[in-house]
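Each in structure tokens, the structures are laid out below.
The following pair of complexes shares a single chain, chain A, combined with chain B in the former and chain C in the latter.
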Partner chain A sequence: MRDDLLRPRWRVPRQTAILPRTWMPIAVAAQTYVVAVIVFLVAWEVSSRAYGIPLLVPPVEVTFRKLVQLVKQGLLLRDILWTTGRVAVGFFIGSVAGATAGLAMGYWPIIRRMLEPYVNFFRFIPALAWISIVLLLLGTGEVARISIIVYTSVSAVLINTLAGIVSIPPAQLRAAQTFGANQSQIFSRVIFPGTVRYILTGMRLALGSAFMAVISAEMLVADQGLGFLVINARLWMAMDEALVGVIFIGLLGLLADRLFGYLVNRYAWRFYGGTGSEM
Partner chain B sequence: MGEAIELHGLSFRYAEGSPWVVRDLDLAIRPGEFFVLLGPSGCGKTSVLNLIAGFERPTRGEVRVSGQPVAGPGADRAVIFQGDDSLYPWLTAAQNVEFPLKIRGMSRRERQGLVAEHLRLVGLVGHEGKYPHQLSGGMRQRVQIARALVVPETRILLMDEPFVSVDAQTRAVLQGELSDIWMRSRKAVLFITHDISEAVALGDRVGVMTSGPGASIREIVGVSLDRPRRRSTPRFGELYEHIWGLISGTVAADAGMGRGSTHA
Partner chain C sequence: MELASRRGRNDWIVAAVPAAAILLTWEVAAAATRARYGVPGPSHVLITWGRMIADGSLLADINVSLRRILVGFAIGSALGYTAGLLLGNFRALRRFCDPYIHFSRYVPPISLISLAVILFGIGENSKVFLIVYTATFMVLLNTIAGVHAIPTNRMRAARSFGAGTFQLFTHVIVPSSVSHAITGMRIAMGNAFATIVVAEMLAARSGVGFLIYNSYQYLDIDKILIGIFTLGLLGYLADLAMRRLDRSLARFRPLGF
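Right after this comes the complex of A and B.
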């Protein structure tokens, strides 16, 4: 009798043997995604029909056919590669520059005092505000577009790096001093590792603004890239094409963010001191 | 042989015109001695330790370690910090202990031997590969102690309320282990605490500080009890009461309560 009372009233589902254990969370996550995508597509289709003008709000099927056509022509892949390439180069240069400047400013108070007003001055000027000046100075080539991305990436990385240096516990620096560490050892073995997680947070933010910047730059001046795809579609009033472009900008950003989070969790987890990277 | 640590007329304040944190402090700590500096919070104990460690410069007076004036932090004086954030969170327990040896460019083989030896000394065998956040508060302080002792040049341990943030049972265990380690290593220890029974349990001598600002030492109490020490003995209780009398007198007098004589 007592055994009956102690037995749980509902049974915990047993691990199904369809997938190996480590794959289960992925399968569950995939389910959620599939549901979310279906809900989105249904809502789209309903809005399209309710609006009634397929030219302005194209139905899912029309947009999908456009997507297939763009893929077949190789245009979509070309634009994705261009946009990705620009983001990658600009984001990389911007992150290295931002982290370097941030570390230098954090380490040498004099550099910090000199540069701090400039950081907060440029931080509030959006990349787009520079575009006329950049185009006149650097022309309409890749250099101009990439420098816009570099510009937006730098400040997020720089400010976070600086915040990271300031937050290093003084006891960590003092301990290194008592061990007889010289300045360059303190920098490479305490300050830099202690700042890594902040640099990565800055880079993640910078990744988002890099996408914003590249699309704007491509819309204003480019012959390829997803931004160009969207702005070009407007000229031909090809709403379906514009939608394909917009969706792929989002997908590309999502993918980049997930990839970044994956790499951080895989290779940089030890810099998070057990608090988790939240990526 | 000279004293391990000498303080001559030591005075310290952060800036011209700000109140004195430490004032006219004279003290000599012998080689191999376990000296406890006891006083209420905010009385300037940590400042004394920072001055000896070389993190701060005396405003007036002098700090000498093994006869030499202190010019800055050095490997002869290891510091055990109060909190546990002096450990490097991106390094494992073993890598934290290895850190000072890497700094000195010691070869890999030498390092491994010393690290294993000192992790064994503080009872951390089996926890070598854990990161600080995976260790308990007591274990983290053990890592700090191992990391301090592993440096061959260490002659003096400066301990700033190292067990203040661990639970009472763990603290008693750590105190016992520290006593054992100290008896074997015979390095001079300056141990800072506000806990009277901790002071009596550990110290050869206990320097009772006046409360700040402008603190100095009110009286040095010799603790001639055999080790390992038991708190239940009458002599332990007498010493506790005597020191409590000094401290409560200090606190009451400074609070303007006029408790008469503070010297027992």
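Right after this comes the complex of A and C.
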């Protein structure tokens, strides 16, 4: 890789895998992560001692005890389930709606010409900017929070679906027409299969922004969820609780992303033409 | 069925129809129910918009939000690009940092707000910190990808022409990875807007996010909408600026770098 070439003496760079993604042996990976966690914990402990105010930078032990306490009370599990549930529902609705709208815009040019300027306008408005309007229209219940997630998911999936439709080579469409495919066959055999990988990329991005949106929404209006856990901790100056919340938000996002990548590689590989999904 | 994406001359007429229909319905409905609900129509929103620009209150909020974003964005991009070049080029360093990067990229910046406020206070610093965090990781990840996307033969070619390590760095690695870094900056800019809005709603007394949330508490629907549209406009302009930057930097990139 790159540092081979940075060495002053000329050397043929080591050939790594042909695939864009190299798989480190599991033992090396495990070792890397164990080392990373240990280094992190030591650095945390040292900075906590150096800072000298346990209330502001709580030591590892205090935070860990808080974690155990939150688990025992069942609060952590409750918050994780709420956050996951909201993301799952909003992400599902948003992805389906975004892909449907995107494909409809690809199928009927008139719809595309009608809607594209609006897509380009609304994509620059962050989802959470709508929260006041959403609260006024939909109340402060679950529907409001989920609709924010739906909004972020729709825009990410829709924009990527449109990009996918544009990317289909006109020659492919012409070839299909030459072979006598009718409009619906062109859609089901050319446009849709050619767009799936873009839809999946959009969904992966949407998953990330869905987590961002759900945490923000829970911070602003909610009584449960990891976002609520973190913002509530601020009221009590409970740094340890906030830290536990942040760590679990990160873990949850990581897990969801990996799960999505796994599912794509397992079930949608045929849409990638042998190049690998890079997920 | 249209084959390629053809752009018609009268595209805007087709696009304007739904907008006109929505605005008209909104105006009529608002006028009809004004006595009962007091929801402002589009004309009312426009008037308020003009008034807020005239008395400078909107510009003050924009100024505050933009300054937070730009300061954080500049620091974060510089940090991210530097770190990205280092991590992209030195495998040992990357292997050491990989777990942290992989974890941190899944932590939404806004979730750090409690920590930021407790550690940096409720002033500007906590907001700027969140934007720095937002920008750093996006730019970092994209710069690493950019360094890895440099074709090995390009490095080899530079080496065979006698480039030293420093020249390889300044003539190949930096110019080749700038475009990726700017892509990261574009995404980071979008995320920065998303972050600052919530941060200002939760912990600020100024800025466009505060305008939206504060107007909600007074039920000033026109001001809420003005805040939302202003954000959209700012986001669009920022994206435009990033695209311009990419294009103007492309001029200095020799031969398709």
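By definition in this document, the second predicted complex is superposed on the first by the 251 of 279 C-alpha atoms of A that agree within 3 Å, B and C clash if a C-alpha of one lies under 4 Å from a C-alpha of the other, contacts with A are read in each partner's own complex, and residues count from 1 in each chain.
One rule holds for everything that comes next: a contact is a pair of C-beta atoms (placed from the backbone, for glycine too) under 8 Å apart; a residue touches a chain by one contact, two chains touch by 3 or more.
Just so it is clear, the model here is predicted, and its values are computed rather than measured.
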Will chain C clash with chain B on chain A after the two structures are superposed, or do they fit?
fit
Is A:L75 in contact with chain B, with chain C, with both, or with neither (first, second, both, neither)?
neither
In this superposition, the partner of chain A with more touched residues, chain B or chain C, is C
Applying the document's definition of touch, where does A:R174 land relative to chain B and chain C: first, second, both, or neither?
both
Considering only the touch criterion stated at the top, classify A:F211 as touching first (chain B), second (chain C), both, or neither.
second
Chain B versus chain C as contact partner of A:L138, first or second or both or neither
neither
Quick check for you: in the superposed arrangement, does A:A127 touch first (chain B), second (chain C), both or neither?
second
After lining up the shared chain so the two structures overlap, which partner does A:G227 touch, if you call chain B first and chain C second: first, second, both or neither?
second
Lowest inter-chain C-alpha distance for chain C and chain B in the superposed arrangement, angstrom:
10
Chain B and chain C footprints on chain A, overlapping residues:
174
For chain C, which residues are in contact with chain A within the complex?
1-6, 8, 11-12, 14-15, 17-19, 88-92, 95-96, 98-100, 102-104, 106-115, 117-119, 147-148, 150, 152, 155-156, 159-160, 164-165, 168-169, 173, 190-191, 193-194, 197-198, 201-202, 209, 212-213, 215-216, 219, 221, 224-225, 227-229, 231-233, 235-236, 239
Interface residues, chain A side, partner chain B - complex
169, 171-172, 174-181, 185, 189-190, 193-194, 196, 270-271, 273-275
Enumerate the contact residues on chain A facing chain C in the complex.
1-3, 5-8, 10, 13, 32-33, 35-37, 40, 56-57, 107, 109-110, 113-118, 121-122, 124-133, 135-136, 166, 170, 173-174, 183, 186, 208-209, 211-212, 215-216, 219-220, 226-227, 230-231, 233-234, 237, 239, 242-243, 245-246, 249-254, 257
Quick check on the complex: what are the chain B residues that touch chain A?
53-55, 72-75, 77-79, 81, 83, 85-91, 99-100, 102-104, 131-134, 147, 151
